[in-house]
Amino acid sequence: MTTDLSSTATALFEKMRATNPLVHCITNYVAMNYAANVLLAAGASPAMVHTPEESGEFAAIAGALTVNIGTLSPHWVEGMIAAAQSANAAGKPWVLDPVAHFATRYRRDVVAELLKLNPTVIRGNASEIIALAGGQSAGQGVDSGDPVEQAEGAARALATAQKAVVAVTGEIDFVTDGTRAVRIAGGSPLMPKITAMGCALTGLVGAYVAIAKDQAFEATIAALTNFAVAGSFASQSANGPASFMTAFVDGLHSLDATTFNDTARIEAL
Amino acid sequence: MTTDLSSTATALFEKMRATNPLVHCITNYVAMNYAANVLLAAGASPAMVHTPEESGEFAAIAGALTVNIGTLSPHWVEGMIAAAQSANAAGKPWVLDPVAHFATRYRRDVVAELLKLNPTVIRGNASEIIALAGGQSAGQGVDSGDPVEQAEGAARALATAQKAVVAVTGEIDFVTDGTRAVRIAGGSPLMPKITAMGCALTGLVGAYVAIAKDQAFEATIAALTNFAVAGSFASQSANGPASFMTAFVDGLHSLDATTFNDTARIEAL
Amino acid sequence: MTTDLSSTATALFEKMRATNPLVHCITNYVAMNYAANVLLAAGASPAMVHTPEESGEFAAIAGALTVNIGTLSPHWVEGMIAAAQSANAAGKPWVLDPVAHFATRYRRDVVAELLKLNPTVIRGNASEIIALAGGQSAGQGVDSGDPVEQAEGAARALATAQKAVVAVTGEIDFVTDGTRAVRIAGGSPLMPKITAMGCALTGLVGAYVAIAKDQAFEATIAALTNFAVAGSFASQSANGPASFMTAFVDGLHSLDATTFNDTARIEAL
C-alpha cells in the first residue's frame, strides 16, 4: 500500500516538474515572495493576480487557483470570489487556505462565503480545520494550538460535508477525501518557525492539482510529500530557520524522482 | 547600573521566549515577510491584520499592536486608527514606527493623527525622531541622514511631550522615557544595508511590551538589546547583507539567556 | 568599442555607488522586499511609495521613478499615473516594467495608459517586449516563452515608436534606443528560477538613470551589466535558487569597479 502511494506520488512529482504548471495564487502579503520562490524551485510557474478586474479572467487561463486569506480586505475578497467562480466555470481545481479564519468575525464570514464556492482542496493547520468543522480549537492568531491527530475526525467530517480533499498539516500531515486517509511524515521542527510555509505549501498543492485535476486526493498527497521530503533534507544542514529556508528552496530545486520515492513516508490508514 | 539593566533585559528576554506573545503587526509590504520571520525566530507569534473590518477586533485579542507607516494608503490608515483605538480601549500597549513621515504632506498628516492616539513606544531612526520633535532633519526617503547622537535631545523632548518611550536606533541606539535614558551598543554596519531591519525591530519591541506592559522603558531596552546582540554575532560570519540576514535570523533563534546577558552593552546616562 | 562600452558602464557604476541615488519604486507585492535589498546592496536608496495621495509628490523628490505592474489594482494604477506624470513634469526619468501585460484585458489597458506617459526606459522579458510591439508572444503568466533574440526586432521598433530605451532581459540581454544596440552576456541559468529578479533589475535601472538622466542608453547598459556581473559570480557558489539569491545580494554589495570592468561582457551590434 505504502509502496503504491509512494510510486503514485513520485509519478505526479515527475509530471509536475515536466509540465511546469501555471498556478494562479491569491495569497497574503507576507507569503507572496516566499511562495513564488518555493513554486519556482519546485518546478511550477506561479502568478500572483488578485484584483477583481482581472482575477476571473486569469483563473480561467491558469491550471489551478489557490486562495489564501492571510491578509484580507474587501477588495481582495471580491477578487478571490471572482477567481473561484471563474475556476469553477472553467473546470479548474482550486485550493482554499483558511488562515486563522476563526480569529475575527470578518474572517469567519469570508471563509463561509468561500466554502460555498466548493474548493477542490482545503489545507490548514489543526486549529483551522477543527474550527472549520465546527469544533473548538485552541488556536489564537495564525499558529496552531492543536496537534494534527486531534483534527483527524474534523478533517474527515469536513471532507465529507464539502466533498473536498482536506489536508491538515503539522508535525505529521493528514489527508482525507472523507473515505480514504493517509498520514505523511517528514519535514522539520523548524518549519513552524518560518512564516508562510503553510501558504507556500498551499501554492504547491495548486501546482499538483493543476496537473492531476481528477486525482485531487493523490495530488494533495504528492504535494505534501514533496514538501516533507525537501524539509527532511533541509533539516540536516540548517542552523536555524533562515538557513533552513535557503536549504529548503535549494533542495526543492535539486530533488529528483529517485530521492523523492526513497524518502517519501506515506502511510495509508 | 549596567549590570542591573542587563539582568532586567535578560529576564524580559527569558519571559518573552517562554510566553510566545501574540503581536498584532500592521506594517508595510516591504517588511511583512522579514518582520514575521524575525519575530518567529525571536520567540514571538506575529500576525499581520490590517483591514478596518477586523483590525480593531484583533488588536483587543493580541498582546500588543505595532503600526508602521512605510507603505501607506487610506484604507490601511483606517485600519491603523481602528487598531490603535481598540488597543487603547483594551489596555494593550502599542508601538508606532513613523517611517519617513517627513517625506510628504500625506505622511505628515497621518503621523499627526496617529500621535494623538498615544503610542506607548515610538521607534524611529534619527532623522525621523528629529523631525517628529519639530526639528530639521537631513533625511530623504527612508534612510536616516543624521547620527543618533544628534537626535537625543529631540527624543527626550518627544518622550516628555507624548508621555511615551522613544527609541532612536542606529549605530548606537538611544532609549528614553523623558526622564531616564540609556544607550545600547552592538549590531553591525551591515544593518542599514538591509531593508526592513527597523520595521522588524519595531515588531520585536511589540513582543516585549506585550509581556511587560507596565515596563515599556525596560521592555524597549530589552528588545533593542536582543537585536544588537544577535546583530553582533551575525556580523562575525556574514559576507554581505544577505548572508547577514540569514545569520541574524538563525542567531535570534538560537540565542540563550547567558549569551544575551554576557553580550548586552547597555549604558545608563 | 567593447572596451569603451565597458569603461563607460564602469564609470556609471562608480558614480551610482558614490551618489547613493534615491529611487522611487512602485513595484509589485512579490518583489518589494527583494528589490529593496538588491538596490541597497548595489548602493542605491530605494523607497516604496504607491498611494496617489503622495506618489506624485514623492516622484518629484526622487532621482528616478520605476513602475512595475506585477500585482495591479485600480488604486495602485492611479498612484502609478500620478507618479509618472509628476516625474515627467519634474524632468525625472522613469522606467516601465510591463509584467505579463498581455495576460488580461485589464493589464493591456493599464500598460497602454502608461505608455502614453513616455517612459524613459522599458524593461521586460522577450515575451513582454514582443507583445508590446504588437507581435504574437509565446508567454503565459509571468515567465517568458520566447528567447531574447526573437525580440530584438520588436525592441528596436518599440524603442523607435516610443522614443525610449528598450531592454529585453534573458539569457543574453539586448538594449537599444532604436538606433544603437548592444548585447550583454553573463548572469546565471538560475535567475529565471527566482521570483522578482526582473523587477529588482528594473529598480536598478532606475538607480542608474537617476545618476545619468541624459544617458539613459548607457545607464541601462550599466545596470544590466551590474546585474550580469554579480549574477556570474553568484553562480559559482550557489547550490540552488535560494543560495544564489544570498550570493547575488552579497556580491552586489562587495563588487568593485575593477572586477566590474574586467567581467563586463558588452557587445555592440
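Per-chain residue numbering starts at 1, and chain names A, B and C are given in the order in which the chains are listed.
Just so we're on the same page, a residue touches a chain if its C-beta (ideal position, glycine included) is under 8 Å from a C-beta of that chain, and two chains touch if they have at least 3 such contacts.
Please read all numbers here as calculations on a predicted model, not as lab measurements.
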* Structure fact -> Cα superposition of chain A onto its copy chain B, rotation angle rounded to the nearest 5 degrees, comes out at 120
* When chain B touches chain C, do the two copies use mostly the same residue numbers, with over half shared, or different ones? -> different
* Length of the line joining the C-alpha centres of chain B and chain C, rounded to whole Å -> 33
* **Where chain B touches two or more other chains at once, by residue number** => 29, 32-33, 75, 245-246
* Spell out the residues on chain A that touch chain C in their complex, using ranges where they run on. => 22, 29, 32-33, 36-37, 40-41, 45-51, 53-54, 57-58, 61-62, 75, 245-254
* Structure fact -> Per the touch rule, the chain A residues reaching chain B in their complex are 28-34, 70-75, 100, 103-107, 140-143, 192-196, 239-243, 245-246
